[in-house]
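Sharing a structure here in structure tokens format.
Order as written gives the chain letters A, B, C, D, E and F; numbering starts at 1 within each chain.
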Amino acid sequence: MNMTIIISVIAYIILAPIVGGLLAGIDRKISARMQGRVGPSILQPFYDMFKLMEKEAITVNKAQDFYVGCFLFFIIVTGGFFFAGLDLLLVIFTLTLASVFLIVAAFSSNSPYAQIGAERELLQMMAYEPMVLITAAGLYLVTGSFNISDIINPENGMAIKFLPGIFLGFVFILTIKFRKSPFDLSMSHHGHQELVKGLTTEFAGKTMALIEIAHWYENIFLLGIVFLFIANGTVWGAVAAVVVCLVTYFIEILIDNSYARMKWQIAINSSWIVAITLGFINMLVIYFSKFVL
Amino acid sequence: MSTITFLILFPLLSAIALLVLRTDAARGVIVKVSATLIAVASIYLAYQYFGIGEEYFDFANETVNLGMTVIEVLLAIMIIYLGIKYKKYLASVLAAIQTPTMIWFEVKVGHHIHVTNNLYVDRLSIIMVLIIGIIGSIITVYALGYMKDFQHHHKDQPDRRPFFFFIMYLFLGAMCGLVLSNNIVWLYFFWEITTLCSFFLIGYTKTEEAINNSFRALIMNLLGGVGFVIAIVIMGSSLGTLELNQLIMMGMFGVPAVTYVAALLAFAGITKAAQMPFNSWLLGAMVAPTPTSALLHSSTMVKAGVFLIIKLAPLLGWQSLAGIMVMMVGGITFIMASFAAVSQSNAKKVLAYSTVANLGLIVACGGIGTYAAVWAGILLIIFHAITKSLLFLCVGTAEHNIGSRDIEDMDGLFTRMPKLATYMIVGISAMFLAPLGMLVSKWAAMKAFIDNGGVLLVMFIAFGSAATLFYWTKWLGKMVAIMANRENIQSGVNKDENFVLSTLTILTVIVCLIFPLISKTMIVPYLIKAFPYVDPKHMILALSSTNMTIMVIMLFVLIVLPILFFGRTNKKIVPIYLAGANLGDDLTFRGAMEKEVPVSLKNWYMEGYFGEKKMNVIGVIATVVIITGVFAILLGGVL
Amino acid sequence: MGKRTIIPFGPQHPVLPEPVHLDLVIEDETVVEAIPSIGFIHRGLEKLVEKKEYTEMVYVIERICGICSFGHGWGYCLSVEGVMGVEIPERANYLRTIWHELSRMHSHLLWLGLLADGFGFESLFMHCWRIREKVLDIFEKTTGGRVIFSVCKVGGVRKDIDEATLKEISSVVDGMKKELKELADVFLEDYSVKNRLCGVGYLSKEDAAELAAVGPMARASGLKQDMRLLGHGVYDKLGFEPCIETAGDSYARCKVRIREVFQSIDLIIKAIEMIPDGDISVPVKGNVPANECVVRLEQPRGEAFYYAKGADSKFLERMRVRTPTNQNIPAMVKTLQGCDLADVPMLILTIDPCISCTER
Amino acid sequence: MEDLRETVIIPVTASELYSKVSDLNEDGYRLVQACCTKVSEGFEIIYSFDKEHELLNLKLTIPEEEEIMSITGITWSAFIYENEMQDLFGVKFKHMSLNYGGHFFKVSQPTPWNPKN
Amino acid sequence: MSYVTKSPWLIHYDGSSCNGCDIEVLACLTPMYDVERFGIINTGNPKHADIFLITGAINEQNKAVVKQIYEQMPEPKVVIAVGICATSGGIFKECYNIMGGTDTVIPVDVYVPGCAARPEAIIDGVVKGLGVLAKKKEAMEKGLPIDTAKGKEKEEA
Amino acid sequence: MAAFKIGKVVLRSLFKKPATLMYPVVPRKWEERTRGHIDININDCIFCGICARKCPTNAITVDRNKKSWTIERMQCIQCTHCVDLCPKHCLSNENTYTTPEVEKVVDLHVAPPEEPKPASDDTNKDSVEKKNA
């Protein structure tokens, strides 16, 4: 048991950036094709990252790099906890910690676009946080444990059977987490936007590269949560879960290319409404069937 | 036993001394010495009863009872007088109802009930005493420097510092009494004293606003007091006991009348803990000098309310109407106050709302009434007391050095006052970030809510914590912002203040580090006693020991990381991006009409979404409906 | 006020390809004050009339702007022709109209793309610009330039389009309709797009008149105002009627422009059907008499104003171009009040700003 | 529909300009443009107004030093033209409602159309 | 190998161009020309950019802006002047408000002629710029002052 | 509520061949009228200087004595005004553009010496010299 944990954590730490980077590359390729263009090479994200590493080292103050480093570190820790099968809430809180580091890094630069980006990022966090917690609560109610190692081996089958609403809600907020249109408010990976580069305006060179890597880690971890909904402890379940993860990712790309960027009001209204309707009703049903029936 | 007496009476002596000896030097010595003694005594008390865990004392003494009654009457007369003088007749009316009822009860019923144990010590009260003794007294030390500055800033007002310190110390004594009394009448007595202390301190500056707010606080607390009195009357007349432990025991055996008593006491607790619909008094209390806010209105006095509710927790829970009332009121208060905090830029108001919200969380935990919830509640009390007082004091210092308590004016504090900013960063992080204290307890609370709280409470906590995240992080953002070219004014900070702030900061971190220990040696044993029907072996805590260990390790990492890496970069420092119009100093850009426009970066407040008024109205209506509903049902049961 | 954020918006800013600057004062994300500042692109090219002969000046005037370049050339030629009293052949008038309408198509498609980019709809941006390339190909084929044509000259046009090419143009633009329809649907019906456009940047009919808005900006607020009604080119022969919308918001402005793209296609097809044979220019010689002439022309962005004053020499005494964007700036400033920060680029875009036109 | 070639130009004097413009404004005319030409007598300023596609031009000739009344009080959008004239020619206006104070076009040399030296 | 040539991000600033070159620069990003094939992204942020595409001539007003953008770009970086205006001031050279081409304020590495410069020419120019970029990167690694690596003339010398 | 309005276009594009022209891998074919660069048949030129005087950007310099015709490539805006005006029609518009360079390009064309020579002599070709600005 212990051995598998160590292996999966190490596998995560090594493979996640590779898979995450590839996914990002595929994302860019598919997006380009959807826009009628050829698009970059699939390895482009890696080129970008190495390029950033090679650039001259500049920063706007001495504190920023520390915060960004912490961001990356705790994102890795988050994923590590996740793949070690630890408590889901612990994982979520660590993720929050990591995200706060990113925001703090942006705030520390005291620069307009970074600050507004940080403010919007914060708003996005406020928007998706309830749904994330509800997701954890839902998984807990269905599987009776917060431990991820228990959640992936549920006793009564795939969690999604009981949590269709929560699953949809989670996919909804994934759009925010993946920084996809219509909710790429605080920074967008490609292209230019009204906030210049938002949150990342003041990060250059290596610092920016770290952020890219962190995003790859984060994306894999988020797909890991999608995985939880499908996994049922069997091999075919795992395969199905991976397929669902990929389909989810594709849908996110499609959404990215099919929507205008919305304003923050919509971001918070819609995600809270989703959390209240899908999340709440789903929970209500579970509570009802669990405690009343 | 003697330690207890010391803890209750010694502060009183200091108080009188402070009132009499009016020079700065004498005050300094008295405060520092008494603070040390009280702190030492509280630690000694903890040490004394550490192994024993719980002990009850007779301490029966008719003169004490008589003395209390006399004081009560005097106080009532004073309130009635003040109420009339300031045309706040409601206060007079409430006092005129409360005290005569109490005296009538004493004479008719109370007199005949034999109280075996007037005082007691258990692990919960030890925790409370430690908070009062250490945090409380250290705040009074801080107040020395602060009040000097304060007087400096308010030269127009007469120097009333002797009175101020008198009340502060009086309060410390009363607070100790409150958490150590087993006799509910005594408890009530101390309860009223703290109400009055708060009243005087809120009205300290004697401005119109201060007086209005102090009366609002008084009236609301007296309302709770009325509830308290009725509870005592019912308790005495139908249960025939005046002892808290008896009451709880009876409750567990299902004596029906206990429900009423519990509901009424919980109501009193709700008023004192400034839960909605009574939260407005705490907000108003922010006019008081900052040490007051730190001591009374965040770390201790308001905790009296939640202390009582936590005490009663075994009687609450879903099976009791009182429990449902308490958890709903707590839950609603948590979410609404958290939302309202988003729209505030006045640092003290943010802290006040956050206090209300956290008390709401504790109250809700008490309302759920399971051991896991209570575990979370007690942890919340501890962490909140330390961290909040730290934050309040930081704001006080900031205010005196930069001239504003508005968060938006704390621009570039990291450059101007690096130490203070660091304390604040620690304090703010401790309020909501992962391995630190408050989050641990919030996590436990969340688990308790999911397990026993029902869907609604889960929603409350999910949304409430999202808002919490928002308002703390944006404040944190202001703190970390590094603004080049600002003058460093850290050295202007008073030495005492600095000492207190650093102590509290260290304390915050230490408590976060040793909380598994606190849980193991203090809270769990208390829970085993308080929930005798739960098999200790099956007591699964919200946080498994693995999780606690991970938390502590994470915290270590978080302490080590900055020491190793913070600011260690040899990168080239370049100017910030200002759309190509940076004038070079990172603070101004070339604006329209060729003006040099200073950049100004402010946070979001989202008035439209989280306006204070709106949140209060919703919260008040919801809680009023719940409270009146519950009491209506209870009353219906009686009739 | 404590909660006001003051930031610079531009001169360098990725969503606006052109440098404008705003001192933005915002609260949360609501703009409470926006002080515009321009002047980054001012070249002072009108003053070149002192150095360039009137025949060369057309190349300068064309380069006021690379988007509405043809219209500028036309406006200049019209005004000089007016001063000199030159009549140009009918075929030249037709050709000018065709090119002008093609320019309008390219300009509007460009704008639609930029607008999509402004609200972060990348794929829509890409598809708009993909379609726009077809118009540019026509330009390349008929004039030899993609954005700057250099085909107008005083006295007519420099290049003719042969019959076969005209047919081809006709079928190409007709063929664009289908693809345009799909994109128009997205702009006009997609939920997310409508959400960003509807009700944003409202300008009432009264305000539009008061602030003297021109072009699609005015037409979207219900003003019937289109200089094509004045009768330059062959618009009267083509039976032109302006597109009017009444809602006055960004959505209406978008809709006007989309309708105008389709209208332009129809006008082009019709003009190609009706084009007569004949010369494409008349020779113009000699000095420009001391006379003055005012011409107004409907550019893609609205009414442009040309004033030429001769001085009985080869050099004009004064050439004045007043462009539609210039006229729309007050309206833009007005719509910016109270909008969201996210809408700022969008609102700036909805007047379809062309700063190089404005500042010359 | 007006004839394209016909340019209606009505001469006005500086003193009657303001009332003329406000009459036009009341009649529902909108400001189309204002432009200045440097002539030997000083400045020649043309104000153009439009009502339902009818164009009306007011021509004002003033000596270089004369200060004239700003019409921004009547039609605010004139601020663009007045600032432009101020920056490029050095025409002086009284009571401009929005005065960029010479920083509208931000030219490197002052009043390039009317060089001072 | 240097990755900077595989992922050149660009920033575009419009000096005082007529928009003709601007829209051609934008056109490069769109489906027909799609420079993202070469890994090029239009980042609007000088701090992320490797290539500075500048269109239009320099005047007194944008001098400081152009300079600032250039200075905020981290090394290695190249400047590509797109269009006749940016290379020499072009048709506006004699205007009173024009100071001249881009090279009057910052060193230019590649000149792309054309009025307007065609997208193909811009692509050619960027490709040429990549060569310069690689050389600068090399110089940077060797610790040489970067400006000495500035292109052809020094190479020949 | 119409969502995914662009879905059809986007999905179709995903499976269709992209619209990209693939320049420079696939060279671009130019239209006949494409205004690329100005070329001169120096043999016909009479060095009258009209082109130089009328060029709106003064890109051309003509030296009657040296019999040279010079064009600053980075100054010419391809308006073809000179082509129109040349009395000898020796200027022409070529449809290939001047390639981007790291230096400003100036092309100097000098007429061949005037002694009559056999037509096949290759000195008849104009000598083009590139030099740096």
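Here is the rule we use: a contact is a pair of C-beta atoms (placed from the backbone, for glycine too) under 8 Å apart; a residue touches a chain by one contact, two chains touch by 3 or more.
Worth saying up front: this structure is predicted, and the values here are computed from it rather than measured.
Engineer: Any chains in contact with both chain A and chain D?
Structural biologist: Both-contact set = B, C, E.
Engineer: Using the touch rule from the top, point out the two chains with the most contacting C-beta pairs.
Structural biologist: A-B
Engineer: Please name the chain that ends up farthest from chain B once chain centres are defined by their CA atoms averaged.
Structural biologist: When every chain centre is compared against chain B, the largest gap points to F.
Engineer: By C-alpha centroid distance to the whole-protein centroid, which chain wins?
Structural biologist: Of all chains shown, the one whose C-alpha centre lies nearest the global C-alpha mean is A.
Engineer: Counting only Cα atoms for the centres, state how far chain D is from chain F in Å.
Structural biologist: Centres of chain D and chain F (C-alpha means) sit 44 Å apart.
Engineer: For chain B and chain E, let me know how many angstrom lie between their CA-based centres, rounded off.
Structural biologist: 61
Engineer: So what's the Cα centroid distance for chain A and chain B, whole Å?
Structural biologist: 36
Engineer: Between chain B and chain F, tell me the centre distance in angstrom, where each centre is the average of that chain's C-alpha atoms.
Structural biologist: The computed centroid separation for chain B versus chain F comes out at 81 Å.
Engineer: Mind pulling the chain E residues that touch 2 or more other chains?
Structural biologist: Residue numbers touching two or more other chains: 13, 30-32, 34, 37, 42-47, 59, 61, 65, 69, 90-91, 96-97, 115, 118.
Engineer: Quick one: which residues in chain A touch 2 or more of the other chains?
Structural biologist: 32, 34-39, 56-58, 112-113, 115, 190-193, 196, 201-202, 257-259
Engineer: Where in chain B do residues touch two or more other chains at once?
Structural biologist: In chain B, the residues touching two or more other chains are 574-575, 577-581, 590, 592-593, 599, 601, 603-604.
Engineer: Could you please write down every pair of chains that are in touch?
Structural biologist: Contacting pairs: A-B, A-C, A-E, A-F, B-C, B-D, B-E, C-D, C-E, C-F, D-E, E-F.
Engineer: Given the complex with chain C, which residues does chain D contribute to the contact?
Structural biologist: So the residues of chain D touching chain C come out as 1-2, 4-5, 7, 9, 28, 30-33, 35, 37, 46, 48, 53, 55, 57, 75-77, 79-80, 88, 100, 103-107, 112-113.
Engineer: Show which residues of chain E lie in contact with chain C when the two form their complex.
Structural biologist: Going by the criterion above, the answer is residues 11-27, 30-32, 42-46, 56-57, 59, 61-62, 65, 69, 90-92, 94-98, 115-116, 118.
Engineer: Residue numbers of chain E touching chain B in their complex, please.
Structural biologist: Touch list, chain E to chain B: 13, 45-47, 64-66, 68-69, 71-72.
Engineer: Enumerate the contact residues on chain C facing chain E in the complex.
Structural biologist: Within the complex, chain C contacts chain E at residues 11-15, 17-19, 39-45, 47-48, 51, 59-60, 63-67, 69, 110, 113, 125-127, 129-130, 133, 136, 145-148, 354, 356-357.
Engineer: Could you list, by residue number, the parts of chain F that touch chain C in their complex?
Structural biologist: Touch residues, chain F against chain C: 1-6, 8-10, 13, 19, 31, 33-35, 54-56, 77-81, 84, 93, 95.
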